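Working notes, structure below.
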Amino acid sequence: MQVTSRSFVANAKKGLADANLQTALARLSTGFPMARLAAIDRMPEFERLRDDAVAIKDHTLANLDAYLERYEEKVIESGGHVHWAADGQQARDIVLQICRDAGARTVTKGKSMITEEAGINEHLEANGIEPIETDLGEYIIQLRDEPPSHIIAPAIHLSKEQVADTFVAEHTDFAPDRDLTDPRTLLEEARAILRRKFIAADVGITGANMLIAETGTSVIVTNEGNGDLTQTLPKTHIVVASIEKVVPTLEDATTILRVLARSATGQEMAVYNTFSTGPRRPDDLDGPENYHVVILDNGRSDMLGGEFNDMLRCIKCSACINHCPVYKAVGGHAYGWCYSGPMGAVLVPGLLGLAEAHDLPQASSFCGRCEDVCPMRIPLPRMLRAWRTKSYEQGLGSKTSRAGLGVWAYFARRPLLYRPLMRLGVAALAALGAFRGRGRFSWLPLAGGWTTSRDLPVPEGRTFVEQWKRGQR
Amino acid sequence: MKPSNPDFRRSNVLGNIRKSFDNSDKAKSDRFAAVDARIRAQRPNVVPARASGDAKALLALFITQAEQASATTARVDDPNDLPQAVLAYLTANALPPRLKAAPHAVLENIAWSKQPSLDMTFGATLGDDEAALSVAFSGVAETGTLVLHSGPESPTTLNFLPDHHLVVLRTSVLAGTYEAAWSALRNAGNGAMPRTVNWVTGPSRSGDIDQTLLMGAHGPRSLHILILDDKKTI
Amino acid sequence: MAEQPPIDRPTPPHVGLFATCLVDLMRPSVGFATARLLEAAGCRVSVPESQTCCGQPAYNAGDATDARAIALNTLAAFEAFDYVVAPSGSCAAMIRVHYPRLFADDPEILQRIQALGKKTYELTSFLKDIMDTVEINANFNGKATYHDACSGLREMAVKEQPRALLGDVEGLELVEAAESEACCGFGGLFSVKYPDISTKMVSDKTDVLIATGADMVLGGDLGCLMNIAGRLKRRGSTLEVRHVAEVLADMTADVPPIAGKDKA
């Protein structure tokens, strides 16, 4: 996937002008939040579940090395293999090797953000192995060669007409004039095509929402069942998961599942929650013969114990994205990579570097809705600000903005200078405003960012502090 | 050791994680002790009060929740009524009277020949079966969820490949909460997990096309739960 | 947000009025309305001259050094009062919620900063939650809708208080906007650093405000209100915008609404 986070502003502009996208965003930004509220309403223990989920993750992160070792022991005990990868490159090498050992020609994939992050698909393709995304949304964007625009609804930016056009262009075995106006026809077509791919695949790759240390189990969560077909039918099942996915017990996994779907789509539970432990057993009637887990770090160990530690509690539910007014305005592609919205704005600079992703933490009004709805109580605005502090220290960002702020701060720290300067400035602006006569400016030099689309009120003319001091009321 | 060496990679990743921790012998051993204690304890966190009550209340809750998730349910009083209940579903859905069934003890002692028009085969499916019949290990009333797991009597493919999935849920294995279902599974397997445990809540669906919810994305289009009253309580 | 512990109230309480830089510079009438309300509630009001800004612009830009220096200026100016009241949720939150984070490494100053934060309030929350015997004597004939500014709402638990106070205003009919809690797109410097996105947000906000059929938009944060008023005017809307203090203090005749009044 080509990273375009550097072009956030240009990407955002495109998103704002995209009528199809804006329709989709308007719908998702009311639909998901309302569904979430309804689900929470039906679960009186929701806040306590959140508290417990936070405690589970905090405890696990504080003992992460031990949990990962215990998890590994259990995977091996059940007949699986564990591989460790420090970064995306190592993960790619490992996955490729397993696929080669399996003689794989085609590989089906359950929806997995970590495999996007690690660039697994491109690597397989470059080495003559065909990866096939099976989550309906991921399949559609794979056909279109686009990145996902949302971490659980990857094709949410597309209208059904756009999907139909794509199917007509890519599914050339079907009659080109067939009627695909009903979404049901699109679903049936994808189902038929992917069914053949599921059955033919030599290897199935999934992510894992959680890894359970008690039992050496990987957990996937889907509504479609594609993850299950991916991991049950082929001879080899590969799980790719990052280090912070581990949780202690089945009970702990259950608690997190109780807040996951409710926070994501407002469902009580996703349709399929699947717990997988090792390969098929000798007397099983189906299932993969080989089970591999690739545990990937890719920058998470650097976050442990630091300013961004709490981000490791993320369960990828997308609640923050669904409630974010910035995401609602610009959509997921604006962020330039596979993670978007507030969680993307926190994660991406850590994974790609601030220079690449500078705008992401800056493009926030700090409304705080993300933190409000995050089931894991991650202090997202605080972390965005932490990135801004690093940016400032590194001298990144607009020089003009920094200079302007510097001037303001210089005076704001020095009340004796501030007062007379502000008195002058305010009086001047008020005089200019009086000259114009309307109580507002529709244009002001240096204020283009504001006045392009908004009028600017004229100041009253004298400062409050000065008037008060003079006994004026 | 080369970077491509698996042992190197392992100690590299664990080493990077440990950088954030106190790695004195005592601290490390304390961590492992805390971890092992928590794993052993298998302590439930807060359990919703919703799924408490007597067997009758739980069953009512299960049915409400399952139907809310777009499953359909039917009550079956006796195992030998299953063939008729299955045939009724297939007929009502204009499906041929053919079924791939799990070779489960509950199903094998039934007189399927009572419905001679019903063509039953037992085993896993390769994808050619339109309808399948499984037996649930457990049910969770809290969300109307079925618990199925892989095994010699319960192929996982039946849960995902056929268009129509019928599942027998015995009232004796209906649990209120997930916690109760996990306890039952731990006891049944002598602590060993099966290859796959599936929580199934309604039929397969996707909202990926135009945010329109459609059933039958890749998994079954329909989930029909045959609630078999075997008159014991959990 | 945790409830503040009850503070032993000497009578009359001496309140340091934190005007906020926007009120001080752009719309002093909000400051006078605030003072009137505080005095009507039985407080003695002072306006320390050395106040400048709460420091949010520097803080949110990642300039912790300047933010700390500005915070120390605020501390020096306001430390001595019984209460610090600001006609702004975001400035009050800056002092109460964020100042302590700036001094996490300095226990001595941190203690003083925390003490300052404990007695710092947004105006409507102060009037309702602390001085709950306040009497509102105001008239306003018309429909108004209230915009919940983000900081006030999420960091200072300001939600019911302004509505309760507005309930006492004679003739005022309060209507709720859909998405009253959605961000207006101000976010301080965000509004000028990412103007396209900010404009989209304020356009969505003004859509729902206009749809209420109200005559007036009220709120507790001048930055939001300037943003909303500016966009309404540019859209040619006659919907008026004022700070809630102006209505509660019955001072709407004294000064035109934010961004001026258009002739009918």
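Annotations for the structure displayed:
Order of writing sets the labels: A, B and C. Residues in every chain begin at 1.
To be clear about the criterion, contacts are C-beta pairs under 8 Å (C-beta built on N, C-alpha and C of every residue); 3 or more make two chains touch, one makes a residue touch a chain.
On a predicted model such as this, the values are computed, not experimentally measured, just so you know.
The touch graph of the protein chains shown is a line. Comparing mean CA positions across the assembly, the chain most remote from subunit A is C.
Work out the mean CA point of subunit B and of subunit C, and you get 53 Å between them. The distance from the centre of subunit A to the centre of subunit C, with each centre set as the mean of the Cα atoms, comes to 33 Å. As a whole-number value, the distance joining the C-alpha centres of subunit A and subunit B reads 29 Å. The part of subunit A that touches subunit B in the complex is made up of residues 24, 27-28, 31, 43-45, 48-49, 52-53, 55-56, 59, 63-70, 78, 83-86, 90, 93, 134-137, 140, 153-156, 158-160, 163, 183-184, 186-187, 191, 194-195, 198-199, 213-217, 223-226, 228-229, 232-233, 243, 248-252, 254-255, 257-258, 265, 267-281, 283-287, 295, 297, 301-302, 304-306.
Subunit B makes touch with subunit A in their complex at residues 3-4, 6, 9-10, 12-14, 16-21, 28, 31-32, 34-36, 38-39, 41-50, 65, 68-69, 103, 123-124, 126-127, 143, 145, 150-152, 154-157, 159-161, 178-179, 182, 192-212, 214, 216-220. Of all the residues in subunit C, the ones that touch subunit A in their complex are 19, 21, 23-32, 35, 47, 49-53, 55, 57-64, 66, 69-70, 73, 77, 101, 150-151, 154-155, 181-183, 185-202, 204, 226-227, 229-231, 233-234, 255-256, 258-261.
By the touch criterion stated above, subunit A contacts subunit C in their complex at residues 9, 12-13, 16, 325-326, 328-330, 362-369, 371-372, 382, 385, 387-393, 398, 401-402, 405-406, 408-409, 411-413, 415-416, 418-419, 422, 425-426, 438-440, 442, 447-450, 452-460, 462-465, 467-469, 473.
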